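Each of the next two complexes has chain A plus one more chain, namely chain B in the first and chain C in the second.
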Partner chain A sequence: MITPPEISWLAIAPDLALTLGAALVLLVDVQWKPVARVHAWVSGVTVAVAAGLTVAQWIQAAPADALAFSGLITMDGFAIFTRLVLIAATALGLAAGWRFVAGLGRRGAEAIALVLLATSGFSLMVASNNLVMMFMGLEVGSIALYVVAGLARERRESEEAAIKYFLLGSFASAIFIYGVALIYAGTGQFEIVGIRDLLAGFVVSSPAVIYIGVGLVVVGLAFKVSAAPFHAWAPDVYQGAPAGLVGYMATVAKVAGFAAIARILLTGVLDLSGSWLPVVAGISVVSMLLGSVLALVQGDVRRLLAYSGVSHAGFIMTGVVGGATDAVLFYLAIYAIQLIGAFAVVAVVAGPDAAGSSIDQYRGLGRRSPLLAGAFTVILLGMGGLPVTSGFVAKFGVFTGAWAEGYEWLVIVAVVATVVALAFYIRVIVVMYMDEAQEEGTLRIGPERWVLVLAVAATILWGIFPASLLDLAADALPI
Partner chain B sequence: MLTALVLLPVVAAIVVMLVPGGRREVHLPLGIALSIFPLALAGYLFWVFEPAAGFQYVDRVTWYEPWGIDWHLGVDGISLPMVVLTTLLVPIALAASTSIDRRIKEFVVYTLFLEAGLIGAFLSLDLFLFFVFFEAMLIPMYFIIGIWGSERRIYAAMKFLIYTAFGSALMLAAIIGLALTHVDQTGSASFALSDLAALDLSVGAERLFFAAFAIAFAIKVPLFPFHTWLPDAHVEAPTAGSVLLAAVLLKLGTYGLLRFNMALFPEASVDAIPIMAILAVIGIIYGAVVAIVQPDLKKLVAYSSVSHLGFIVLGTFALTSGGLQGAVIQNVNHGLTTGALFLLVGMIYDRRHTKKIADFGGLQKTVPLLAGFFLFMTFASIGLPGLNGFIGEFLVLMGSFPALPSLTVIAALGVVLAAIYLLWAYERVFTGVPDKDENKALSDLSAREIALLAPLAALIVVIGIYPGLLLDKITPSTEAVIDHVVEQTDFVVPEPGRIADVHVAGDEG
Partner chain C sequence: MVTLADYLPIGIMLLLAAVFVAVSLIASRLVRPDRPTAAKLDPYESGIVPETEPVQRFPVKFYLVAMLFVIFDVEIIFLFAWASIYDTLGWYGVAAIFIFTFFVAETLAYVWKRGALDWNVHRRARYIPSGATDEAA
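Moving on, here comes the complex of A and B:
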């Protein structure tokens, strides 16, 4: 007889709220054809409810009931923290992309619904303790994002971005699920905690299958987080997708991807770390160096941010190598806010649905629009990891973790890559402040301004007083 | 009090930022006026400083407990003169910037942030905090060179940034390594200088960490062969940028070697004496020889910095009483004289819009006061007895001789070469008959410009005649550095390397 799993509504409440919110947006749109402001309210309330429910989870969560739905879902601090980052990214992403969404007219509701669905998928992914569950979350999120990439379908680049993202993304998902199958073949387990207990308790007779499985899972997720050498899609997608929403797309995929990597590697197969540590360290080195060096020669700010994203993936990997989940979480939270902020600037400068964002458009931005340029400067310096910004604290955390694990050489490569990375962030700043403007006229800035205010505040305040967020991240332990 | 000293320039910068951009004529005077407050506080600090009390006025507040990071400031005889020098030169550098005609508000703001970073770096007793200040000040300096510099400013600014950031990146790795070693050995995290200095490092680890710190500071000094960014940065920077760069920013390198390398890695420091001393002496001679042939007045002064800073490093790594005293006092001297020389070059440039030595000649007929000040600073830089440069170079050479006799003899050549390049430059620029029409109608120094140079000249004379004013404050701290090295290693200070009567730690001999 099959016993039905016990239901723990709280464990999936935020994801449910997001899904229902997405449905509500579509229904309201069909029924009343309202103005964009109504959609803003509905989606805003949805995000707020989801955030509230996640906070309720944080208050409620105790180790004993961390697992729900017969072990499919966990409610550990790690899931809750990442979920909060995802939901915050959704709110900021919608604000940054609002002018694009509103400009879509009747299709605006679709865009909002897709964003909310993507978040609900990724939110389920970071909370899953089961590899199949994780795959489902990943697919819900990814498929929604493929469509988002093609929303500006009048433009060829947007279609190209959507197709590229779809093809390479589904390929990556297939690799991931193949890896899951092999892990199951090797361990007879889908549950991450179960795999951990199995590896701790038994000697596995055919570890090669597990090794290959873990390797494929890592490769699949490395695609999603655009770590080198699996990053080829990122520049084209970042360049072609609608400017307002790229920041959101890049952020949630990266946050969820890294959460999954950290959960599988650091919880599931930590006992096999001897075999995967060198691989992850290798991916980290290649990402940091390749991303930083290729970003140096980009003439388009969006491609530059894409390659910088590759190097950031490498930096976050150093934290994974160090096994420092708190440092990884802190880094992800900070990077999420900064990345969305950076793309909010791109959306203002290039226009909300434009393709590309040539660096020439930024010439003399410091004169044309001092506040915008100032905000971008702070965000770029934060991404570069200069002290007094939260980016420095984040880098310091992951580097310390890697050094403590005996990966001193990785830290040395990482600090050198940081200097290279600094050079290309500075290059944008040089263009903004030290060149004369080519275009005149003031830029129109909409709700993006709130995103920028928050991104700057997060960069500086958490740079000087990092304790609040660091403590939170330190409490957000995986099961 | 020290926290206030760091935060005053920040507050000043914010005040200037809040003044609307339309009021162009307000920003610079406001900035100058506000930068007097840190100067006054630093002057008071100098007055109440107790030489024998070690680190004092310590402010220590926990910043982030789990990582062991503190807001930890303190002042001793090595950092005190640097802080006073910084606060003195910022108002002067700002007041020398009246020729800046665009974006003056940003300029004042960046300069004040730079001041805060510099003071913070000199006062930090926590390595994390030090690194934050050390790295954060790159950005204002980068903007000062990159926005207000001359033609190749962006190249120079980038070169400056990349060089320095590369050095400090390695230092960051070493700081992480040290802190984690502290966790291993004591179970708790700490970045405090005193805690990390007490660590028991293996020889290999100590040497690697020493190298990481030393490269970071050697780039900053700059020590040969890491000096190539300096002439570019100096030549392209605006006058105020050059003054602060030469007078204070470079001193972070020499200060860092003395404060951090000696304290954290005494064993490796002793082992590294030959390398550092040889590099220093190469720098002295190389900088001087290259300075002789420079066709550009500003570049000449820049290379003279390479030469003069070599003396400071030589004195530091001689590890004798005289050497260290000389190093610290020469930090101050070089700040005063080279700062003044850069001011003078800036004043000449404002009048003639050229820095080429060949474009001048006979200027002392048309601008006698300017020529007089230039000659005075030249003498101070050469080390004429009675002026401050003599005290510093004499102490360095005297202190280094027992430890490194042959290198000291070569280094002494640098003094002679300094006389050649500076006096020859003076001769070509100021003496003779003014044969070019542009040079005949120049106006002499204004009252404002005299007011900028006079305090520097006065201090040069005061230190030259009564060095005890500074030495009394410096000596107990430099002796403490030597004591620390002697305690931690089997290093023996060569006779007669110690000054018995000021040796506070109870010399049994």
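Moving on, here comes the complex of A and C:
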């Protein structure tokens, strides 16, 4: 006799809305062949409905019904907060990439559908309490992103980005699922809460297989968030993928990957923290130093942002070491907005479907387009973590957590890496304001301007008044 | 706890399969008349004599049809599983299978409208190259 699982449609309602929206975009496209504006409305309404349903989850969320579908899905604050970040990233990403999407002609609908499907997959991933469900979400999201990377298929760089992302990404997924299998072999559990209860209630006499499993899971997810030494794909992919959408791609993969890392390590196997803390701290150190130092020598702004992403992955890992999910969530939310904003600038300067964006294109940008250069300056300083920007609050949060955990040396390395990182952010700013322009002509800007306005506002306002978002992140606790 | 003895049925099954193949081959060799001719030894007894080995480029539309077949084949598998316990699952099962069927039907409608089921590639609606306007459709 099979008992049907307890149903909570609300728990998957945002994902369902995103998937239905993707289907709707495709059907409207083949049936009526409308202009791009119609797609903007359909996808905009889809994202708004998904955001509304997520807010409804937040209002209704109670610990009693945090688990749904026989423990496959959770509706805890952690999942809801991360999902909101993902949906916001989708809205901003589509706006930043809109000129690219509209330029694709009839293929534009497929780009929108892929973006919505990627979000629904990652949103399922951050809300899953079951490791296999997490893998499902990871794959739905990742496979959609592989295709997005190759959307500008007339260019060889885009194809290269797609094939590299696909090969290394599927390799990472395979490592992840092997780790899940070993964790199951060691604990007999797929459910993260179940693993936590098992480890809290029993002494595992031979935990080696669990250690190997956790290690493989961390490696697989470190690939997805481009933490060193698993970052090799990131610069090539960020350089080759269509400029408009690469900010979205980078952001959702990082947010979902870190949410999964935080959930598995801080909820699932927290009792084994003595064994994984040094490893995560090591990944963090390598990422921070390697990312910051290699970003110094990049001649391409997109590669620079990729290596800065590696160092940011290291900073977020210090938050995982600190063990406070709210610091990690705050950092992810802030970094998501800034990353999409930075790539929106790239999309304006280099063109929405271009590959690469040499730093020469930014020379004299302060005179060619003062507003654009000003926005990029604020975003870069925010990424660097200068005081009065939200990046400073975010870095302060993750560093205090690691310091309190007794990882003082990690915080010292992180501060050194922050200073090194500031050097390459400031190098771009210097180039924008001090050098003579090498290219003439006005830059065309589309809906990217709204992304930039929001990114600048978020960087400054949450830098001065961080309490609103900090409180929200502090309420967003995992089960 | 899974012991080696639990795999015994699989072992017996493998053994039976091997015995069946051996017995069939040996029995047919012993019973049948054995009068080979050149025509009988050809892969195809009738039809056009093949000139080249079929290691060559196939039109991509065959792969398209194969992929579509897999999609609808998988749908049938899910429908069978649901149909066998639909009364237990109740309205949850109905809702779930309807959502699933909607997406499969949507896939069919999409590929149909896009011309993937049109065998004549030249008549198929072509992609608009990047940079063209929407109205050019």
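Just so it is clear, the second predicted complex is superposed on the first by the 479 of 479 C-alpha atoms of A that agree within 3 Å, B and C clash if a C-alpha of one lies under 4 Å from a C-alpha of the other, contacts with A are read in each partner's own complex, and residues count from 1 in each chain.
What we mean here is this: a residue touches a chain if its C-beta (ideal position, glycine included) is under 8 Å from a C-beta of that chain, and two chains touch if they have at least 3 such contacts.
These numbers come from a predicted model, not from an experiment.
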Q: Classify the contacts of A:F176 with the two partner chains as first (chain B alone), second (chain C alone), both, or neither.
A: neither
Q.
Output check: A:V416 vs chain B and chain C. Expected answer is one of first, second, both, neither. What do you get?
A. first
Q.
Quick check for you: in the superposed arrangement, does A:R106 touch first (chain B), second (chain C), both or neither?
A. second
Q: Classify the contacts of A:Y331 with the two partner chains as first (chain B alone), second (chain C alone), both, or neither.
A: neither
(Q) So in the superposed three-chain picture, is A:L27 touching just chain B, just chain C, both, or none of them (first/second/both/neither)? (A) second
Q: Provide the residue numbers of chain B that touch chain A in the complex, in ascending order.
A: 63-67, 128, 131-133, 135-136, 138-139, 142-143, 146-147, 153-154, 157-158, 161-162, 165-166, 169-170, 172-173, 176-177, 179-180, 183
Q: Can you check the complex and tell me which residues of chain A touch chain C?
A: 1-5, 7, 16, 19, 23, 26-27, 30-31, 33-36, 102-108, 152, 154, 353
**Q.** chain C residues touching chain A - in the complex, by the definition given at the top
**A.** 85, 88-90, 92-93, 99, 102-103, 106, 109-110, 113-114, 125, 127-137
Q: Write out the stretch or stretches of chain A touching chain B in their complex.
A: 381, 386-388, 392, 396, 399-400, 403-404, 408, 411-412, 415-416, 418-419, 422-423, 426, 430, 433-434, 466-467, 470-471, 474
